[in-house]
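In the two assemblies presented below, subunit A is common to both, partnered first by subunit B and then by subunit C.
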Partner chain A sequence: MSNRLRHFRQSLTAAALAAALAAPVALSVPGVAVAQERGGTMNIIVQPEPPILVLGLNQQAPTQTVAGKIYQGLLTFGFDLTPQPELAESWEVSPDGKVYTFKLVKNAKWHDGKPFTAHDVVFSTSKFLIEAHPRARATFSKCEKIEALDDHTVRFTLKEPFGPFLQSFEVSSAPMIPKHIYEGTDYKTNPANATPIGTGPFKFKEWVKGSYIHLVRNDEYWKAGKPYLDDIYFRVIPDAASRAVAVEQGTVQQTQFNDIETFDVPRLKGLPNVEMTTKGYEFFAPLSWIEINTRNKPLDDKRFRQAMMHAIDRKFIRDKIWFGLGRPATGPVNSVTRFHEPNVRKYDYDPKKAEALLEEAGFKKGADGTRAKVRLLVMPYGETWTRLGEYVKQAMKRVGVDVTLETTDAAGWVNRVSNWDYDLSFNFVYQYGDPALGVTRTYVSENIRKGVMFSNTMGYSNPEVDKLFAQAAQTNKDEERQQLYSAAQKILVEDVPVAWLLEMEFPTFLDKRFKNAVTTAIGVNESYDSVYMVKK
Partner chain B sequence: MPRIALFISQRLVKAVFVVLAIAVFNFFLVHAAPGDPAAVMAGEAGAADAQFVEQLRQQFGLDRPLYEQLGTYMSKVVQADLGYSYRQQRPVFDLLMDRLPVTLSLTLTAFVLALLGGVALGTLAAMRAGTWSDTAITVVGLTAYATPIFWIGLMLILLFSVNLGWLPAFGTETIGAGYTGWDAFLDKAKHLVLPVTTLGLFYMAVYTRLTRASILEVRDMDFVKTARAKGLPEWRIVSVHILRNAILPVITVAGFQAGHLIGGSILIETVFALPGIGRLAFEAVLQRDYQVLLGIFLLTSVVVVIFNLLTDLIYSLVDPRIEVAP
Partner chain C sequence: MTAAAITPARKGSGFWGAFARNKGAVIGLVFLALVVLMAVFADLLYPASPWDMTAMPFQPPLSEDALLGSDTLGRDIASGIAHGARVSLLIGLTSTAVAVLIGVFLGAVSGFYGGRVDDLVMRFTELFQTIPNFVLAVVLVAIFTPSLTSIVLAIAIVSWPPLARLARGEFMSLRSREFVHAAVTTGQSNLTIIWRQILPNSLSPIIVSASLMVATAILLESSLSFLGLGDPNLMSWGYMVGAARTVIRQAWWMSFFPGIAILLTVLALNLVGEGLNDALNPKLARKGRS
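Up next, the complex of A and B:
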């Protein structure tokens, strides 16, 4: 018992500390104490337009940004990925790592006035999300029991310890869903999906499809005196050049993720009325790579893939294609997330080494100077990726590999990559704060599933790696996990199942009058209950 | 008159079959594209498992054999039911009706202004062929015709919106301003100026060139000389004798274009962030939102068929030598 209590206190202290450390990033006026006043309207770009706003049913990036103001999770995360209280005011973890008990805030209410209770949490995690949310399904199916001990206490009992269980309570990973609206209905076709009801600081008001989504202040919000803003408009502006103009003109006060094409970033950075930050993406920490179909020749040869790593200049890609955004990746785990291992085989940019490796593997130059031919299916996610495709073609040409570029649209891309009909492609996936949530899925043989996107579409299989990832997920002792993940990373970097490119960074542009926007590792997806506007 | 009635009714009967054939053809066309809406949504979510995709396919009815899907679709079409967009969770008809006012206020305004302006400028240029005003009109027309439409749009935004600050750059209204009555109308009109100008310039260039070429052919014909010899005033010669004979090609093109007005303009609606049908269609293609796409195709084909009929009728009004024949 005393042991449990100590754990409880530790987690409380950690939470309080994290909350204190999570001061707003670079957005405060030095020396001047500004009162956090009520009022103000914020216009934020949303692109592409989300299909629906029920976060439990759709987790597209733009949906998360909008719905993150409407729905809430039990926890949120500081920049260093330590858990912080949200709908759960405290939590305790049993020493064996199998039992998690959350104490919920007592005064939270749904937007329709009904109280938020432990029964909503049980319904969300054991019924709704398990059916509708792929990531939550993977997590909560590890639970043996989910039960409400009283109206404000929930207990999760796991079948076996799961390292990143706390990370699974972030708002997009496990948004809380109102039981009284969804219980016993067909979740996907419930008419209430048109008017989302959450516990968050902003309520859904109106959605003019193709134009804007209007959220208004929730006057009954459970944190006293918050939020400060009266309205948030999410504006749909489909053309990238027009989005840049909207920032320049001050029509919108915030952009995030890929809203601004990388080549516009240097220009917008110079504007007097906005500032840019790359913080607030730590929880997602996307990593980009060249996806390699290891079933196809010549890509089945490890030396060929290693040669690719040497042939491609990641620094050039960062500086000239991403205009300085991001860091050259060294392996499968983003260095801002947990359990990154820096001591792995290094692949510096060296075309000579690449050619030596190709020679060694028996890819001799033909009469036309070509060693091998491969196809590259360019990811249809904007101009930047097209430019990357052109660069890769040139870089590989330099070492004697002829790359044919293929283009398609989003549906065609998903269709071909998920059905293994490609040689090379690009991809980037979110890491969700922990390798067990965002990294494992790409490399373990268990996840080689035809027709499923973002699985192990490369067909890479290494029993040693499978074992390490499995062991690392089944413990919640950080030291032990670090050792296992380090070992896995060393093998992966040697094997090159994908050719890692960049630890991606996204630019968030913010009007300087708005404060407190980016305060946690989920950045723009945060509830914005403490964002306020300085009126001049 | 019964002759015309017969003509119209026969054409309408034919039109029904044409539209149904188009609907079947469209169905196979949209299903021929690689991928499906479930794959797109899985791609957008950034995470997926087999169950997620399976559920979506079931919900969208994509797990049924293709002929069965076609049967369901056609039986709905004959009942004038355009189907349901599972992605947007709304009936397709409602989605179209939401977008139609924006598209029509853009395309109709641009079309009417372009038609009037184009015919006037074309006439002016042709009657003064070889002078500086002809050269000026021709050069401007050619430039407007040859320049990519989105580029013109962006340049107009830069000039009138960013640099001069006279006109709003995007959207259909000032969001959150809460205007009513006359103010609301003015606000909407202001938002339309740049997109209408951009689209109108392009249309106008087409009509100007067409009218000019056509008039140049007609203006030296014998009946024009006769009219002049009779001592008719110049404006009457131009409007009654020349223009009426030269206008037929313009009507052909205008009729063709009018049929497409309802389809909106993808580029203009994208650059100016207008929530119109063009963008709906474009996004539906990318998202493989079959029902929405089929709905737009069907609506457009119906309108095109109707306008073809109207064009034929107008021919006979303008030029009595052309008769309608069933």
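Up next, the complex of A and C:
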């Protein structure tokens, strides 16, 4: 009896082992053919609810995620930010960097059945976006002329070379807009805005405000056999705790950007049915820093700012405040974007060095052990930034600098920082894949503009840096640009116009049954035409 | 009525006797004394600032370097509770004092003069009573930016109306008593009558409600801090609960201990308030205790 039982047990174990070994083999051999079949519904969180889905009119993050499935750009970008074909199947750049010629795909159609042609591209870039899209306006106003050579060829002629011109054809930077619907109308009040028409793999079906946005498969999509999914629901869930629960219970299959609070990340990471990735944000590549008003004493002293870099433990901030998300920043350019320079002055965490620098700069300890007093306006973007403020206060106290925390609401924060009424604050900005698009604006003196947020609010001014940034934007030769940007980064890291904290990462949580979701540098804003669901 | 008047003499006598007869009140008083001691000696118990990151983050209770555990940044919870007691008591007492000043002044004027003045003051009081306390406090603190002063004032401004009504009632009933008439006949000024004659005789119920108001003020301050509207440079219990609620599923102790501190302190204040009520208003003492 006991023998038989043991034998039974052994064979059970053997069977289990065999099954475990066989399973991956069975899945991987016919995987390609079996897995990428049609069908499946994906539920994605969208938060906050977008105001409108016409990507040419609104480029807030949630709008991009939803409308990226409806609209398309001429190009998309790999993880290393190299351009990849989308509505343009090939492109040429003239040797002087002034003429860009795009060959378009020939079989693309708008959701209402009209063909997509070069005239739509000319209309979008020379009329619609120039009027309605600030970032596109800055780029396409550099064009001398934009013309359709034939139905499927477009030529852009620039007034002078512009390094990141190709980066401007990503879907949120330059979404293609149907000419036959918008030409001659008031873009913002066009009734068609309620039912967006694009060339993408998913068509707009229904929008129940406050609840969900429903997109369905575009059967006429120009890539044969795609997309695989039947439909996508974007669920509006305003409460952060409810969003985490929705992931835990599997009622949504994807979250992105700030949907999940950092403190929930470790818990959700352990769930068996979802996987987490931080890839797919390379195009945005936000960098966070302590904003320093260099007009005010003692912050006008470079050595004081350098001491701040040594006094603050960026690893601690990453591990304990951001729960492991992000990388300690070494300088103004995020290391996953182009032209990052790693060989710059290093600021390791070392309170002693910080104190030595303060001592050298003449900030002696007073009777109460205080060398200097500054105010820190905490960014009102939630708990995580509040904790960061408390950390910075304590870290600076260790080197004898007394930091007084100030709190405010979102409007008050923008108002005070943009009008230079602060000592220290926090900030983070997107870099859009190229220093000329997302880095220059923070440090050049021509962008010291009172009342404008995300400009050079620190009042940092260095003619050398201005010159390097200007030269680097006006060439499209990568080696030359790298040299210029490297030189600029070395100066900036020496000068510390802001105290860089983290190269921020966002967690994307994905149901393990859905494959191919994050494949490019724009990640969740991609068209999802190759996303498929593995059925069990 | 006569029976109630006689009872205090039976067991113990005077104020303390009546107070001590309420066991809950004595326990409350002892606990409150402990909290006060903790607040006074916080700097000796925990010389470092409660914001200092003295331990490893996320240490559970009974760890080597943190008796009650440490929080997300490695700050000692026990130190936070000791230093937080100062803030809670300070805000509770000062805001109540301000509220008593406003409430008793307006109530006294209203009850003593009556008529038009009474109407005017009471409509003004009702204006404040119709707005929910907490919402008004949140709005006030948000407008004036969170700081110790703005929080104390906000709590005082939302707390005085009940005191004003109480004082008005007392003044109205005492106004028609013989000793007040006598004072009027002897030619004393209105101010002297309010200050010397009526006020001392109406103090008992005011003291009782003020003691309970301290508890409410502590709760209000904790709720404001919980919402992130506390003074960002002061460690308080409400702040500790608020900051730790995000990790409550990973680290219960960070919100549990400060929460218990709030609960017990507020409970103790209520018990003391009830004891004061028994001692100062013997006529209102409940049946079954005598």
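Throughout what follows, the second predicted complex is superposed on the first by the 502 of 536 C-alpha atoms of A that agree within 3 Å, B and C clash if a C-alpha of one lies under 4 Å from a C-alpha of the other, contacts with A are read in each partner's own complex, and residues count from 1 in each chain.
Definition applied: a contact is a pair of C-beta atoms (placed from the backbone, for glycine too) under 8 Å apart; a residue touches a chain by one contact, two chains touch by 3 or more.
None of the values given here were measured: they were computed from a predicted structure.
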Superposition on subunit A - do subunit B and subunit C clash or fit: fit
First (subunit B), second (subunit C), both or neither touched by A:Glu383: second
Comparison of subunit B and subunit C by subunit A residues contacted: B
Which of subunit B and subunit C A:Lys490 touches, first, second, both or neither: neither
Contacts of A:Arg449 with subunit B and subunit C, given as first, second, both or neither: first
Touching partner for A:Ala246 - first (subunit B), second (subunit C), both, neither: first
Partner chain in contact with A:Val429 - subunit B first, subunit C second, else both or neither: first
Partner chain in contact with A:Thr408 - subunit B first, subunit C second, else both or neither: both
First, second, both or neither for A:Ser418, with subunit B first and subunit C second: first
CA minimum distance (subunit B, subunit C), superposed complexes, angstrom: 8
Contacts on subunit A seen with subunit B and repeated with subunit C across the two complexes: 408-409
In the complex with subunit A, residue positions of subunit B that touch it: 33-37, 39-53, 55, 59, 87-89, 95, 98-99, 150, 154, 157-158, 161-162, 169-172, 175-176, 270-276, 279-280, 283, 285-288
Subunit A to subunit B touching residues, read off their complex: 41, 43, 48-49, 51-52, 58-61, 132, 134-135, 137-138, 188-189, 193-194, 208-212, 214, 231, 233, 235-239, 241-242, 245-246, 248-249, 251, 408-416, 418, 429-430, 441, 449, 451-455
For the subunit A and subunit C complex, residues of the former touching the latter: 261, 263, 266-267, 320-321, 378, 383, 386-387, 389-391, 393-394, 397, 404-409
Touching residues on subunit C, where the partner in the complex is subunit A: 49, 51-53, 57, 72-74, 142, 145-146, 228-229, 232-233, 243, 246-247, 249-250
